[in-house]
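First chain A sits with chain B, and in the next complex the same chain sits with chain C.
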Partner chain A sequence: MSAIVCSAPHCGKETISQLKCPICLKDGISNVFCNQDCFRSSWSIHKSIHKSDDGSTDYNPFPNFNYTGDLRPHYPLSPRRSVPKHIKLPDYAKNGKPISEIKQDRLGKIPVLTAKEIEKVKKTCKMAREILDITASHIKPGITTDEIDEILHKECIKRNAYPSPLNYYNFPKSLCTSINEVICHGIPDKRKLQDGDIINLDVTIYYLGFHADLNETYYVGDKAKCNPELVNLVETTRECLDLAIKAVKPGLAFRELGNIIEKHANENNCSVVRTYCGHGCGVLFHCQPNIPHYSKNKAIGIAKPGQVFTIEPMLNIGTYKDLSWPDKWTAVTQDGKFSAQFEQMLLVTEEGVEILTARNENSPGGPIPRISENGN
Partner chain B sequence: MSFTKSTKVESLINWLDQNTYWRDDLIIKNSKFGGGLGVFINQDYSFNEDDDKLLLRIPKTNLLNPKNSFIYNLLIEFDSSSMSNSNSNSNSDVILSEGMYGLVLTLIYEESIQENSPWFDYINSINIEDTIIPICLWDDNEKELLKNTEVDLLSMLNYNELINFYIECIKFAKLNEKLINIPSVLDISQKNLNPQKILNLYHDKLILFGKYIQSVVSRAFQVDNYYQLSLVPGADLFNHLQPKIEEGNKLIPQENIHFTCDGSVCDECGEQECDHEESADEDLEEFEELEELEELEDEELEDESDSTPEIEDEEIESKEIIDGEPEIKEITMEYINQIELEDLSDNETDLDPEEVSTLSMDEEDQHRNNENINIDLANDLSDSSKCCDVILVRPPLEKYDYEIFNSYGNELNNAYLLQKYGFINTNENFNNSCLLSVQFFKQISLLKEKLNTMKRGELQEKLDWLEDVGYELIYEIILSTHHHDEQDGDEQDEDEQDEDNHQDCCSESEYYENWPLSIRIKFNGEVTLQTYAILKLIELKYTIFKYKLLNNIKKLKKYIKQILLTHNETDLKSMNNTVLKWCKDKLNSYTPIELIKNSKNSKNSKLIKNLVEQEQNIINRFIDQH
Partner chain C sequence: MLNMDQQEIEEIPILVANETTDIKTETLSKEKFKPFSSTPNTTKKIPISIITGYLGSGKSTLLQQIAKNSNKKVAIILNEFGDSAIIEKSVTIQDQSESVTEWLDIGNGCLCCTVKDTGVSAIENLIENSKDKIDYILLETTGIADPAPIAQMFWLDKGLASNIYIDSVITVVDSKNIIKSLNDKDGHWHGEGELITTAHLQLALADVVLLNKIDQIENQDEVSKKIREINSTCPIYPTKFGDISIDKILDLHSFDVYNIDIAGTFHGAISTICLNFPFFNDVSQFEKFEKFLQYLLWESDEEIHRTKGLLVYNDDVRVVQGVRDTYEIIENGKLLDSVTENKLVLIGKQLDDEKLINLLNSYI
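Our next item is the complex of A and B:
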């Protein structure tokens, strides 16, 4: 029998304790905690897998919260998915704390990868694209984001990859699913996709010692594709990313990217989110450089061959301002209007740039033409 | 600041509005007193007692410094590669990513990309071309006029460091040519550069490079241990006002403002609260735990006969670990309900202030209508720990047309003022003193010629002891016996001492980093106590030196005090006679004042004359007293 691990996501240690969550026990599930401390400090996260007090299996955990749009969380969350022992874990998988990232943070060094490392990261990125494409192919009205999470998780495990978001700073799921007014970091739950939604799948995997990070926004059903404002948002965001990528080459000052993105966004009546940025990615999930997407930023550093980083602009129909749900992850627009995002992971080459997570011919999603407001 | 372009003031103020809080009734205009632009306040300004005296606040992320610059990753890579190629003939002591070096290179590169730099309007307001040149690049005639002054003796006329730095910068530029165009001041294609080649072939570029350095050195502020030396737009506009000296050699500061910022941040990331120091602590804790464990094991070994089972104690302890809450054997529903109640009340208190702040931001929003930058700036400015401030400390005066002055350093002597800012205090500078170590070493070498081999060896032993052991202790004793306020001298905190140093007679115990530098006459015409101690040591009978100082460890301090720092009248007289001879020699070593006055080649003859005269006055003060 394998050793029992403490159910507190910030602990992750093996334990012989007998302290169990009584609510889980009622449902015949055994969740063990090292001690009272582990239970107490993880309670607010742990309880998200419980049914509501009245036994409901679809409830809003923050009924008093002033939601900015129509979207609500649909709890309980499914229990944390397990990862087989043979899969190599990033340092935060056990207790949620990415120690190596914290140590690297703001030292100013931007990693430059060796030829060997580049070979590996390319493989990881290719796999991440494959997993995103398979997962995205299941998007249709009626499926829950938790079911999407399960699909992604299984695809990762099948390939011996670790789903990077899982337990990163105690994030509970294996990818981020951001619907409609959610800007980013949405938590997969029992919310069913509806015709007319847009959803972003943000996938990161850890494989061969490297993280690969990409995301795309998809239209759910045909209704979304007929909404001119929505199509403009999604397509403008897609174009912003493409324009920014075109500018990447050795010698680019990272602070220029925001100017390109915000200019195109403004020309198409969209605003640019300022709180979340692109980032270096590779051995670490997040590292230097920091890539703001808004203009006149003071990003540090200059591109040179061998650097790997993401650009991932988030554009909104209304205000650029964001707000976090009480789950401390889900970032939504302050006015509840929709938000879209696209992300690619890039390698700076001698000649310019290589999109490591580029789309394939068969990738689901992809650009659609804008529709004029009068319905043509 | 004298080298700010008056035509660019408008765009500079515009930059300040977008990137800082800049009190809007401040006026930037020509100053009669600073010889260029200065900052003034409206005559009918008012500061109530309760008002905050903030004139300028700038987020640290808006400072111009290497860590905020687009070239920072290249600077770091250059440093780490030159550190690993220590066999190359590079100057490994030149670290391009830090301090003055990093800031000069940052200024050069941010300037070279013009409008693409976020600091364009600020940099554009600096008149680099017309900045003075560093004194080490003055021409030889002028340097000759400065011979044997403090400036000369402290090696400030030596250009080697500057040129070596220049060569490193040229290398950096060439190495990164594919990424960034080489700024014209660094564009020298010749290979295998050495100082002589630079001086002979690229003199004009070298002078221009010197002006970049001077622009930085004269403007920069030390910010904190993360950002270090930085250019602080706005703060560098204020002119300098020298301190007054009152009866009793008391120094009275005159400046109107102080530059302040929280300097106690993490060296690694610049945050006040971060995991870097914590993880260092954890390492330490682990280490301590390990030590404790070892100790425990040792004890166990020793107390094997002791039959008390220690496990019991540990069990009791572990039960008490959880802060305050009683240990539970089982998680009950009551317990969960109790947690829920606690979380609920926590959340309420957590939420309140946040809601208030979003409300006030929304109001601001309506006024400024979609000006994203201003809201971000307002956010940055609201956290004073992440900003630098310029604060009013003394009201501006009518006699200066209400100009607001800074002090560039009330503690700086003329040599440092000249090196950093290109001027000296035109009145006598209280911080000046006069080095006599040249005369001392002259005398030592004469002495050595006269002595036989054995005696010469003995003299050398004394000097070696002074270097290795003696000087530090002499300084310590002088420091501890010289106070007025503290009752217990031995517990003196050195940091405190440093702060008070410049204010009054505490400068008596001023620190000189090595003993030759301590042989000098102070502003008031007295010789330093260190000088007497060193003279005494030279004269001391070798046997006394050997048994009481050289081979003595236990009572060393006591004997130093007794032998080297206590003098009777005859001793003093004889030592003063020696110093008197040095003084006369020193007076003769300066370029004669007449020659300086008539020097036609020098633009700076007036300044040099003043500088030499101030030094001579100090020496004459000693001569007059003896």
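Our next item is the complex of A and C:
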């Protein structure tokens, strides 16, 4: 009999233990833990896949939390999706700790890729775009974010790619789904998409030894496309990313990008989120350089050919300030007003920049014209 | 350690080998969730000073003295930041009469694409939740710490609208042992070739140096001279048992103004040089200067630990501040009467002032 892996997301060791979670067993799911210690220390994460005490299969796990907007988590989460053995795992997949990133930390050098590495990272990025497009094509009122997660997960596995968010610092799912007032890092759950929502799908995959990271915000149904304030937010965010990308070329100081983004955001009455920034990406999920999206930042470094990084501005209708849900992941706006984000992964070339995760002709989503407030 | 009202009690099941209808449970107590935001709401900004120096130099005595003699409510954070492995950190909030220890909430320890170290966010949250209980923060590093990464971490962008700001780095040295520490090949030796110890780095970053245990040496001139050769920008105060007037070491604003006197240019392993060049006669020279600085700090082979400068074009006065590769040019600076030229002060490894002024001139 082959050994089973402990179900505690921070353990990840193989175990010969026979001990299982009794609540999961009642639902016919076998979740094995090394011992009660592993179970106890993972309880706060593990219990999210259980029904509520009264047996409900759609409940709010944090009823006492003062939510800033209308969105609520819809638990239980689905059990962790499995990854077949033949798929190459990033170092954190087993226990959640990206040891190589922690070692490198934020003071590390900005990697410059060789021609061979660039060839690989291009393949990974192209695949990531394909997976995002397939996943996004299922967005419609009524689908749950967990179903979207399942689609993405299967598309990754089909291509022998690992969905990078899965178990990264014990993140429970394979992509981030951020609806309405969620700025980023939303956890896929049983929430059904509604006509009038906006949703961001943030996809990262690990393939050929490289991570490829991109995200887009989509309108759900036609109602969202008729809301002038919402369209202005989404389109301004899209334009901010495009303007920033246009500025990338060898010699650009990374700190300039925040000035470009914040200027365009302010001109269109949107605010720029400070807490989360763009980052180097490649062998590691997150590395140098650090790309803040707000103006007057002290980011270090000048763009050079062969560097790969993301720009991923998050813009809000109201305050730029964020707050985390008790799940310690979901970042929402403090005033509950909506937030949008777009992200591309970029390669600095001799002449300028190449968008490694660029849209195709058939990619779902894409820009729509702004609507003037009086409906013309 | 935790107060009961910060705790939540939960029943969790006991694992079983086979399915059972009789699920036994055990009690688990966990910390209650506190709303966590990386963007604090308080408008008042609290200064933070970093206290560095070798073990036994007298840092702890100094901290106690400050807490005792100051009318400020001081939070003392005893730990080495920058080590992501440490999840729990304690903080002591002390004023003249009492002392309270609290734990910092470090969140889930995830650095994932956030701009701030979790330790910084934790301190911001502490300030946010302390409701005016704190008006100054002293962060004591461990003896072996290079203070630069810690200073960079707390030197937050203005755009982040934090409720804390870095005031200065205070380096405490043991007068009796400092010369030995600076020559200690077996100690905390950094890099190849020329001998550079952690003591060098702690002095290079210093905005003020306390020459402590001064009663234990006969000739303080030799020690002062040695420190001057490394860092000729900072005041040096001889002390014993950390007796120092508070206004000499706190509220110095070392990261937002130019208020230093240079005691000269030196050429040691780590030493200070000052580049003097005429006030700008064209506004475009600010940008050209910035390109030079970016080259110097990011592209060249020079090893620079601390940068301070003053740039003037008519009424436009700008202050340059830098720690290692992080720099900022701050507008609306104040011009001291004594300053008649632009100045760029650099503390780094074997810097050649002639070579650097030529390089600067090629840019501006």
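One rule holds in what follows: the second predicted complex is superposed on the first by the 372 of 376 C-alpha atoms of A that agree within 3 Å, B and C clash if a C-alpha of one lies under 4 Å from a C-alpha of the other, contacts with A are read in each partner's own complex, and residues count from 1 in each chain.
Everything that follows uses one rule, which is that a residue touches a chain if its C-beta (ideal position, glycine included) is under 8 Å from a C-beta of that chain, and two chains touch if they have at least 3 such contacts.
Since the model is a prediction, treat every value here as computed from it, not as a measurement.
With chain A as the common reference, chain B cannot sit beside chain C without a clash.
Within the superposed three-chain model, A:256 lies in touch with chain B and out of touch with chain C [touch as defined at top].
Using the contact criterion defined above for the overlaid structures, shared-chain residue A:143 touches neither chain B nor chain C, since it reaches no partner.
Legend: residue contacts after superposition of the two complexes on their common chain; A:37 is shown touching chain B, with no touch to chain C.
In the superposition on chain A, A:289 makes contact with chain B only, not with chain C. Among chain B and chain C, the chain that touches a larger number of residues in chain A is C. Of the two partner chains, chain B is the only one that A:109 touches; chain C does not reach it. Residue contacts after overlaying the shared chain place A:247 against neither chain B nor chain C.
In the superposed pair of complexes, A:20 makes contact with chain B and with chain C alike. Applying the stated contact rule after C-alpha superposition, one finds that A:301 touches each of chain B and chain C. Contacts of A:322 after superposition on the shared chain: chain C is touched, whereas chain B is not.
Taking chain A as the common frame, chain C overlaps chain B at a single listed stretch, which among 77-85, 95-103 or 113-121 is 77-85. Common to the chain B and chain C contact sets on chain A are residues 19-23, 33, 35-36, 39-40, 43-44, 102, 105-107, 253, 274, 294, 296, 298, 300-302, 320, 326. Chain contact summary for the complex, chain C toward chain A: residues 10, 12-20, 23, 26, 28, 30, 33, 35-39, 41, 82, 84-85, 107-117, 149, 152, 155, 157-161, 294, 298-299, 325-328. Residues of chain A touching chain C in their complex: 18-23, 25-26, 33, 35-36, 39-40, 43-44, 47, 62, 65-66, 101-102, 105-107, 168-170, 253, 258, 262, 274-279, 285-286, 290, 292, 294-298, 300-302, 320-324, 326, 328, 334.
If you check the complex, the residues on chain A that touch chain B are 19-23, 33, 35-37, 39-40, 43-44, 99, 102-103, 105-110, 112, 250-251, 253-256, 274, 288-289, 294, 296, 298-304, 320, 326. Chain B makes touch with chain A in their complex at residues 61-62, 67-74, 76-77, 97, 113, 116, 118, 178-180, 268-271, 274-276, 279, 322, 325, 327-328, 330-333, 336, 339, 343, 347, 372-373, 376.
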